[in-house]
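Pasting in a structure now, in structure tokens, and then I'll have a few things to ask.
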């Protein structure tokens, strides 16, 4: 494998990582606040559809982005209502949200565009264009690092860079601010927050809303950055992989970057080498695509590392002395 | 939290939740410029207006009874089995292996063997998440989700590389021998002189599903094992005090659950398709969640809810055929039913509690 | 500000006027008025469920009262939530700590009281403040320690520090000593006295009249949601307080004949247990319980009694390592087994410490609960529910369980009646050895007498009974022999007629009978005041 | 009243199903008739769909896609009065017309054009599901390409091994980028809906692409070299036109019958030089004349151009 191929695979991995990373961080906020969210997939799907539909109609990718974020936040609202306000079962609510998105996107898409649940192809300003970072072309001359900068770092769409910034941002917010302290506390022991005179529902609502915004970005990227329009079920399990990455990352932002990059890389490698030939063994593509799920199970089983989810996760908070 | 009288909790809450789900579905239909009343008419005539419609409704209901029972048995043990879909797919594999392995002389011999194969493979697929939950504390919801994907990948690989007959382009197994074709309800009705449900896939599995309901009822409410499952599901500590071993219950309940989900395959794989197709479970495993929630984890409720979803499924297929409403409408309805009965139930329960003036 | 109970002209620290609060049909607080003078330690006593915690939670803004007014320092404090209570200078240490286990002490302390949107300034201020508070009040804790690694006593200090960091002038403590070793309790009381001496007001909820007599200036008594009396502690007695609590003269004496112990039923030797975290919870227990006698095990909770009962019951904590030998009625009893059913089969009955979490499946009906643990005894494939129902009805009749409805879910019975269902089940199985943990916790006097009588009758019928209770009076009243447990060891055995509560209290505090300090006991333990008779 | 059943991927896949749809619409516009249409959502639905259509007396029933083969084999005998038409595979039943296309012939022409348009001498092929049918496309393409660039290289990728492979534009796009990185400057996408992603990525990356089944030249004018069209529309149109009298048996749609071909229109005109046109015309003539026989991969599961 030559350097150019490696760069190309890394470049592809960065693109494929981005929706996973955004969704994973979305889940991180929600679950760190004690609201489990297996509805990432649905929110992303809904966002992808809304973003593509709006961009197709208005011709503006930015309006599309806003619509995508709004749609995902709307789905988050349903989840918040179930999980926070009515103290329902968060897992069931997540399952319902995934189905809702899966059905609604096609239903609405078919009724608006009559393209079998697809949106029209996005062109020009209706899509995110790639951004060439300053000096990318000039840097190519520098050996090793130059091409890396030009190929892997430069030339992505805006949301890729946004996602990359969300990682340190999340870390800073979580560990360096009052909001982060309270957010982490409410996921571990909501009673501690409540008795300290801070509203548990308000914190959880904030987390769920942030989760909505980030899944919105993830979905919008999928439909208007990574591809040029919405096709049904286009998330293709990425929400679940993001969930897997979240577990893999042990609910920490920097590790989320690592985990999603790993999963993005696996996808990129599988794309490039459907039958990965490792000398003595050939790994079929099914194994490659199943690997994130398999890894998650292994992590959960505690054979590598140990997943320690937020302690109050999944439990509706009921005041108790 | 205010408490409701039992009847209200068992009947009124699900009914109101269902009504809400349907009301919102009607709004969705309106919003895509269609007429909900017309849609309902198409669904009712298509699913219940003829013996043909009923044949399909019962066929789908059979699937949902199995997966609904599967989710319910796990729920009694306090376990949320989202993996019925994968377990049902693996059940299909079990059926296919049985049906293709021997020259079965008669369906009557092939059926019990296929049932064992189906249940065994489904149970096996539930076993790993169960043992990981019991021994390593891995959250069963996440592991069963992952196992759904793993099941899909495994079946993809098997169907493409192993089970696909030479020269075929479909990722599907070879057709099962004619002799393994299960008797259709049509044939059974014809045997007693009734013409009913011609060319529909409803088959003897429906009766087996009903028998499974009875057995599950006996298991849960009449056997010591069922007592243990319920005790464990409601209080793990009390169960331990009572000498009920958590590992055993988690594993046994999940394997029964997986076995039931797997048994669905005798209906769709053996009874209908006659070969193993890709994605054979068609989401029935997830519908099992809605069915169990609606049916309050009780076999009688599950049969009723399964019929409802059978109706929705068949009605939805008719909708797609005769109107401009895509079949995805039933996915939306399914989502709303799960949402309102399973996650927003307190939204119904709280005001109802005030209304009924009980605490 | 006036010191120690003297009532000056200064407004009271707290004044409650006509507070009422109902949870559904349960009237937890009914028209309660209370004055707590500033700079005093004010005790509140009352039976379980009397409404003490509810009242304090209202004061702390955690619950909203249905009616009534709260005055702090003479002014309506406008307490609507915990935030406003904190602003009014009220701090609360809950019975179950409200700490974030994986946060450090500093993080826990600043949570909710941060100085701004960024953490750094709060953290550095908190460090300084914690150093000062530690010096002022003997509240030393490592600010960077992760809370879950701290002992219970230290965690409680963190709770107090949280309140003081928020500049609380009024500190409420809800049953603070229930989880403490006597030494830790003593340290706590020194802290509380220190707080009072610096002008702070302390409200202390406790069940232990000894503590009331020892430390409080005034005491209020609650009964069934009402405030029945507030008296200066110096002018009352434990007997009077007890009478106020229950509403009638209390005579906690059990009439029982002299025991006629027979052959040993349970013989334990060298029982050790290391829990999953690697902590040794039992450090070599030797015990014998004979037929026809009650062996009482006294001790502060958390000294290994629970582990002892769980191991004997056949359901030790998962991952625990158990060693040692045991014999039951002469035959070997494998200790490592985790088969509670086999234990029952061998004739061991078990009234667990926590009836709601262990003794009953709260969602199950009463009749289903009557076979919990014995649900496989018939050995048949199907359970005979009709037979179980009718036996349950008869049992409820005999044990006076009210309401007498076998179909009612266990959660819908009151605490005392829940306990009767458990006691009935275990006693009627005619065990040769009955394990009993905290049989009367949260149970009213009438039921206590009934349950005690049942235990004596079982003893007189020849059963061996191992009784664990934190209530010293219960141990004294029921036991034929008393063993005292401390830190996973038996500190000594006494006959009830030959010992005193004072001596037992010493043993419970870890003072070794021969006067040699125990290896594990805290050094300051020995000078803890011997407990007087608890009532 | 005739009926048309679309395969997974849906009628607006801009490709195979859409071609069928266009044929039906053409018939509708010309005759003013109506027809029933249905889209598949899952594998397991096929049988119910066919039966329901047959039950309700629709005739003929046209099914698009080889995946209906097995099911049709089972269903057709139950409805002897109904005529079925299947596209892309052969079903040997007395009431079924099987339409098969000479994909190698059309693909051969595409390969010739790719060979002439390529500057790097490396071209790409992205297939949908990895099945012999798609290898037919690949093999013809490779042969045509090698006929003009004997030393050239064809990079091949498939999106998957299941029907989901027809509908994964994201992966299609990634594969196209990977092929470009390996030097490919013309990429032929025989991948249904996935091809949309391939064509998009190729346009974004500034290389050429070749569409399939339908004329996809208009998707990115000036960036799609050509499209290898299968005249599925003609099959559907003719079946509808024949109505209940549709002829059972095998119907071969090859170059001669105008069943396959390259799409040339205004959108790709700037890309096509006169030499290219000449070369393609010449190859076409020789194929029709039988002088060139592009290899049918499915005849022996191998490709001489490999």
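As written, the chain order gives the labels A, B, C and D, with residue 1 at the start of each chain.
Note that contacts are C-beta pairs under 8 Å (C-beta built on N, C-alpha and C of every residue); 3 or more make two chains touch, one makes a residue touch a chain.
Computed from a prediction, not measured in an experiment: that's the story for all the values here.
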For chain D, the least number of touch steps when starting out from chain C: 2
Length of the line joining the C-alpha centres of chain A and chain D, rounded to whole Å: 35
Averaged-CA centre spacing for the pair chain C and chain A, given as whole angstrom: 47
Multi-partner residues of chain A (at least 2 other chains): 117, 286
Numbers and ranges of chain D residues touching at least 2 other chains: 39, 130, 161
Shared-contact residues (touching 2 or more other chains) in chain B: 156-157, 328
Inter-chain touch pairs (all): A-B, A-C, A-D, B-C, B-D
Residue ranges of chain A touching chain B (in the complex, touch as defined): 38, 78, 81-83, 86-93, 95-100, 102-104, 106-108, 110-111, 117, 237, 240, 243-244, 247, 284, 286-287, 289-290, 293-294, 296-297, 300-302, 307, 309, 318
Touching residues on chain C, where the partner in the complex is chain B: 24-25, 313-315, 318, 338-344, 350, 352, 354, 357-364, 368, 371-373, 375-376, 381-383, 385
Chain B to chain C touching residues, read off their complex: 2, 218, 222-224, 227-228, 230-231, 234-235, 237-243, 245-246, 359
Parts of chain B lying in touch with chain A, wherever the complex brings them together: 1, 28, 31-34, 80, 82, 128, 132, 136-139, 141-143, 145-147, 149-150, 153-154, 156-157, 161, 286, 289, 293, 324-326, 328-336, 338-339, 342-347, 350
Touch list for chain B against partner chain D, complex: 52, 56, 156-157, 159-160, 167-172, 175, 199, 201, 268, 272-275, 277-280, 282, 317-318, 320-321, 327-328
